[in-house]
Structure formats: C-alpha cells, structure tokens
Amino acid sequence: MLQVFQLLVNGVMAGAILAVPAIGFNIVFAVLQISNFSIAALIAVGAYAGYTANVLLGLPPLLAILAAFLISGAAGVASDRLALRPLRGYGAIAVAIASLALNMVLENIVRFIFGNDVRSLDVPMMRDWIFEGIHVGPQAVFNFLVAIAAMVALFSLLSFTTVGRAMRAVADNPTLANIKGIDPEKMARLAVFLGMGMAGIAGVLLALDTAVDPTIGMRVVLSVFAAAVLGGLGSIPGAVVGGLLIGLAEQLSTLVVPVAYSSAIGFAAIILALLLFPRGILGDR
Amino acid sequence: MAGMGALAGKRVVGSDSWTSSESILTVRDLHCSFGGVKAVNGASFSVQRGAITGIIGPNGAGKTTLFNIIAGSVKPARGAIFLEGRNVAGLRADQLAALGLTRTFQLARSLGDLTVLENFALYARDQPGESLWRALVGSQSVVAQEKAVLDQAWELARRLNLVRVANDRVETLSGGQKKLVELGRALLGEPSLLLLDEPIAGVNPTLGAEIGKHLLAIRDSGVSILVIEHNMSFIGRICDHVIVMGAGSVLAEGSFEEIRANEAVQSAYLGMSA
Amino acid sequence: MISYLVALLTFGAIYALLALGLNLMWGIAGMVNLGILGYYALGGYSSALLTMHLGIPVWLGVIAGALITALFGAATCIGLVKLRDDYLAIVTLGFAEVMRNIAENFVSLTNGTDGLAQIPRPRLGVTGSDFNVVYLVICVMVVLVVLAAMERLRAAPFGRVLRALRADPMVAASAGKNVLGFQVRTLAVGGFVLGLGGALYAHYLTYISPEVFQPQLMIYVFLALILGGRGNNYGAVLGTVLVLAIVEGTRFLADLVHGLDAVQIGALRAFVIGVAFIVVLQKRPHGLLPEPRRIYTDPAARS
C-alpha cells in the first residue's frame, strides 16, 4: 500500500513536469492548428540554456529557468518563422512533417555545440524527506513547485490580460478575431514563444531531475504527446489533466510491468482512451 | 394556427401506407439533436415513387440534417426509415448507396484532385476493378467494365455539357460546373432514389432552368427524387409534391399550389424569406 | 568503391520500398503515417526470428514477415481510423516509439539493444562480394515488381477509390464505397511493402537492432516522397535516389571542414540534411513529378 502511495506521489510530480511542455504543445496547436514536433529539440535547447546559465555562468536555478524560457521561446519563434511559417499554406500535415526535420536541425545544433556528453546541473545533493514512510526529494519538490508556478503564470496571462484574451479569441475563431482588429500573426508568434518557452522550462526541470544530453527532449517527448493528445489537442486544461494522468499511469504501471516499458504503457493507454474519446478528454475541436 | 391544424390533420397517413408500394421512402418520427439544438424533431413523411418531392423551409429548419440521417451519415437519436419497404435505419452511407440511394451535398463536395470523368466513374456501382485482388492481377471483366463505365461517364458529360472539361481536375471548374459534376456523378450510380441538397444554389438562372429540365427527364426515366431548394419558382416548376419543414418537423405538405395558398406556411417561411 | 556503391544501392532499393509503401498509404490514400519504421522493424524482426528459431527458408521468412506486417497494418488501421489527421500524426509517431520501446526491452525475444545477430542469409550459391551483387539484383527486382504492382493499383478503379478517400471520405461513402474496408486494405498492402523492406534489410545485414528506428530514416523516406512527388510511384523511387545522393553527399562535408570531432561531423550532416528537407518542402512542395492524370479519349470523337 505504501508503495502505491509512493508511486502516486511520484506520478503527480512527474505529471506536473510533463504538463509543462504539453501545455506548450497545445497552446501552439490552439492558435496555429499545427502540431509542432520540434518541441523535443526545444526542450533540449532549454536544458542547455539552463546548463549554460547555471554551470558556466554560475547563476542560481531560478534564473537558469528564466533564461531557458527566454531562449527556447526565442529559438521557437525564429525557427517557426524561418522553417514552418512559409509552409502553412500547404496544410497542417506538411508543417508537422517539416517540424520533424526542424527538430533534427535544432537537436544537432545543440549537439554540435555541446557534444554528446552527459552533464549535470550544479545543485546540492540533498537527502530525501520522509513523511510517514513516503520519500520525497527536495529537488523534486522544487521542480514540482516551479512547474506549478509556470502553469499558474501562463493561466493568469491567458485569463486576466488583454493580450491573453486576444490570443484565446484567435484560438476560438481566427476570422472573427481578425475582424475585431487582432493581428493573428502576432498572436501566433506569441503562442509559439510562450509554448516553446514552456518547453524550455521543462528542459531545465528535467535536467535538474536527471541530467542533460542532446536527447533529453526525445526521451520524454512521447509522454508529452501522450499528455497533449489525451487531454485534447489545443486544450490547455486538457494538457494539465493529460500530463497528470500520464505521469500517474507511467508510475503505477511499474507495479505490473518493468520500468522500461512505462512510456510505452502510457502511450498504449492513450490509444485506448482515444478509441473512447476521439478528441481527447477535454478537447472540443 | 387553424390553417396549420387543418393541414396537419390532412397529413396523417395510415400506418399501413408507411411501406406501401406507392412510396419509395418513408420516414417516421425522426429525432436528432446537436448539443441543445433539436435539428430534426419528429419529422415524418413519405416520398412517392417516380415523382419529384420538394423540401422547403427556412435556414436551419433541419433539411440538410434530415438528408444526412436518411443517407446514413448522421445517426438519429430515434425514428425509423424505410427504403423500398425495408427498415434501413442504422445502415452505413455506403450500404445505402448500394441499395440505390444517392445524395448530393449542399456545399459542393467535389473531389477536386480527380477529373470530371473520374468523379463520374467513381460512382458506378459493383466495379470488379475496385477489388484489391482483381486490380492487381487484372482480368477481362475489369477492362470491359471500366470501358463501359467510361462510356457512361462520357455520355453523362455530353448530357451535362461538360465534354470540353471532361479530363480536367474538378478544382479548376467554375462553381456552376461543379454543381453539374455533383449531379452527374449521382446519376452514374443509377440510383432509384436521388436526394439533392440545393442543386441550383449559386447557379445562374439559365443553368438552373437547365438543371430543372434534367431533373424532369431523370424523373421520367423512373428515378424518384427528393430535392431541397430555396428557389420557389424552381420548386413550383418541377415538384409534384412539396413538404414544408420548420424547426425540425414537417409543418405541411401538398401540391405547390396548396402550399403557396397556406397561411401557416407563409408566416413560417415565405414571410420570413420575403 | 564498388562494394560501397553496391551497398549503397542495396540500401537505396530497400528505402525505395519504404517510399513506395508510404506513397500508397499517404500519397495516394491520404492516410498520414509517421509510424512507418514500426512496420519496417516488424517485418525485419519477424522474418529474422522465424528463420532463426523455426529454421524456415529465408525467402519464406521474408514473405511471412511481410504478411505479418500486413496483418498488423490492417489491425492498426481499425484502431486508428476514427482519429482525425492531426491526432493520427501524433499517434502513429508514438506507435513507432512504442515498437522501439518493445524492441529495446523485450530481451527474451529481441535481445534488447544488442539486437539479433547472425540472421541467416539466403543461399544464392555465391559468397562475399558476389553475394552482395546478386542480393542487390534481387532487391532491385523486388522494387520493380512492387513498383509495377503499385502502379496497377493506382491506375485501377481501386486506386480511384483511394484518391477519392484522400479528397473526401464522406463523398466516397456516398458513392457506395466502404471507407473502412478500403483503408484497411490500403494499410495491409502498404504494411506488406514496408515489412518486405524490413525483411530484406535484416537478411542483408544479418543483424537487426532497435537502431532501425533512427528518426532520420523516417525523415528521409518522407523527404524522398515529397521530393519525388506525392502520389507518384515513380516519384517515390526517384526521390529515394535523390535523397540518397544528398545524404551520401554530406559525407564529403567532412573533408571540406577541418578541426571537427566525429560527433560534430555527424551533427553537421544531420543539420544539413534537415535544412535540405525544409528547403525542398518550401521550394518544391509538390515535388518533381506531378501525380499522373489519366486523359481519356471521347469515344464519340474516336469513331
């Protein structure tokens, strides 16, 4: 029983981190109706931006996270502008496929600069806290809180600011929003910046959790897609729910199958879920 | 209100006639809603064999949804559909097409990548060349059938004045020509019942009159037709019988003259569109 | 140099099969499938395992591997068909990852990341470099047969239905076509071709490991099809040749730039190929060869 509680706690923590890039994926989808698969590489970009800030420049983790947000966001906007935007007229699938190539390009830029070596961020090793027999790492708690803070900040931006409302208007109905004088192109840029910035934050969190190498994004991207799809493409609350469910499913599945299969389990679960909800749990489009 | 009551009374048909040989299609008490919108709400009527039946009604009356249900694209919440006396509720669109029911779409859904002839040929029924195995190995019957289908397609192109563009991709055609393609391919399947959703919307009056003539000729060749149209003079010219829909159910039916004289219809529909 | 070319062309032939299989599924029938490497690997692993453990002849194993993949393709189709395009893209991409995960971890069957070694080669009566040449000839013949078959399917009424499905499944249904039935057949035939490629790969290298799932390979296959011309079977083969030329051409980049380590050279090559892909998509989104259009003659004009 204790083991189950332990897995539930781990699942929620892991799920919150997964939800961050899943939100990023879905915010881009909501505004552009495009699956941008280069999010995996932008997680890696964020992780290395965080590494540079933290290890090479000696900045504290919170500033490293901020740097990762800005750099991944900017890299996302620039690469979208150069590689993907010219293709939008050819349909969402053409863009999605191009974004796979873009992913390869970005990941290899990172590899070119930093090599394949595994690196760790500069954080103190701390002993786990133990509550009633349940182990919780202080670093994991920190990561969890950062993930929650990033999500709350994004929600507030979307809910309480003019620009956030404008962006949601574009997501709901681009034509109508355009008539109201909102520039959809500007909102698209902002969505990509925020979305890929979230991916960057997730990169640092994953790096803090384990270590950095150029495939850091590829390793989790399956779970991120699973979370995004499960919640419903383009749905931001959906991404949160999806992230938590996938995090929990992956952890709990270790009770019955070897750990190595957990990401496959998560994905198999969503295929089953999609048979019941072809548009995801909270998806409406 | 009184007028409507009288009409409603006239409309009631004995249950034995639901499957009578007079009517090719009978629809009973269909219901279908989207979220809170009751798009079709208790519609019942019959379509007479070998005649053109018109459906009119204001925008959003549920006419297209009704077609979608009859053609098997949308599942009704409840209700029964009889085609040739057989209960066909729950069949898929392709199964209904195989039974001789063919429909067109309100917003022309042409297969833009395919040429006019290919659009026509697609609709031919029972093509051996559509079997994977026979397509691979080929056979005399495949070749012979394909030739017959194409001869039919050319024949249709001639009838619809599309010979000049027969080998062009449909996406390069004008809006009116697309409507003709839509009509033509429905005919190639040699349907026994044809459902047409606004066949002359957006078509110039001359072409519209021509389509009307085609429909009369098709009826005279023995095909039953159910046609939705907002153009009243078109309806008046070609329909043997008219059904008025409003808010998802049948408000009235009768000959065009009866309908035109009916006050309830005027207030429900004609008044609104004037 | 000759043996390098022979090996290159053999891989080219195998990749051409991938492009042809993808062309049937996506180019002609419009079902996007980012999981093609899953089918490729399945064909390779099943043929390898059947020949290794049951001792059945290699060619029988190749056919069996392709058939297993075909069945699997049909099964995935039934699971996925309800999904809309963008969901389908993600789910199929994830599907290949799941297959990789299984290949890496189901050690008792697949030998994990070490892969299966000593997969039997077919007996061709020759060994060494002669074997490679004969094997190449066989692969090229397989490509030609598959190309001819795919062309037949495309030109037949069967192919007409698939193109109709690509444009608008609802219209195809109203034309009396059983949409799911055609899609299942398409993924089965496409799966067969992809599985065939995987099996030929496994028995050529005598080795298969989860490395067959390298994401670049999927990008190469899509690039080949887009560059050659979606919907055109000859385009799929032509595109494969061109992509192979681009990919191999980047090998010579290493000679042009100095002072880079092996990782950097690899990264640079991948970078160049990725950029090439994006540029091709932007400059030639419809590829080099257009989809063939059949022009019919008017029987009245003929007589």
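Lettered A, B and C in written order, each chain numbered from 1.
Methods note: a residue touches a chain if its C-beta (ideal position, glycine included) is under 8 Å from a C-beta of that chain, and two chains touch if they have at least 3 such contacts.
Remember, predicted model here, so these are calculated numbers, not experimental data.
Visitor: Are the chains other than chain B still all joined, and if not, how do they split up?
Guide: Ignoring chain B, the remaining chains still form one piece.
Visitor: Give the identifier of the chain nearest to the protein's overall CA centre, each chain being represented by its own CA mean.
Guide: C
Visitor: Taking each chain's centre as the mean of its CA atoms, which one is most distant from chain B?
Guide: A
Visitor: So the centre of each chain is just the mean of its C-alpha atoms; given that, what is the distance between chain A and chain B in Å?
Guide: From the centre of chain A to the centre of chain B is 49 Å.
Visitor: Between chain B and chain C, what's the gap in Å when you average each chain's C-alpha atoms?
Guide: Chain centres of chain B and chain C, defined by C-alpha means, are spaced 43 Å apart.
Visitor: Between chain A and chain C, what is the separation of their C-alpha centroids in Å?
Guide: Centre separation, chain A to chain C: 30 Å.
Visitor: Would you tell me which residues of chain A are touching chain C in their complex?
Guide: The touching residues are 29, 33, 35, 37, 83, 86-87, 90, 92-94, 96-98, 100-105, 107-109, 111-112, 115-116, 218, 222, 225-226, 228-229, 233, 258, 260-261, 263-264, 267-268, 270-271, 274-275, 278-280.
Visitor: Contact residues on chain C for chain A in the complex?
Guide: That would be residues 32, 34, 79-80, 82-87, 89-91, 93-95, 97-98, 101-102, 104-105, 215-216, 218-219, 222-223, 226, 261, 263-264, 266-268, 270-271, 273-275, 277-278, 281-282, 285 of chain C.
Visitor: In their shared complex, at which residues does chain B touch chain C?
Guide: 71-73, 92-94, 97-98, 102-103, 105, 109-115, 117-118, 121-123, 125, 127, 129-132, 135-136, 138, 142, 146, 149-151, 154, 158, 163, 166-167, 169, 185, 189
Visitor: State the interface residues of chain C toward chain B in the complex, per the touch definition above.
Guide: 149, 152-153, 156-161, 163-164, 166-168, 170-179, 185, 189, 291, 293-296, 298-300
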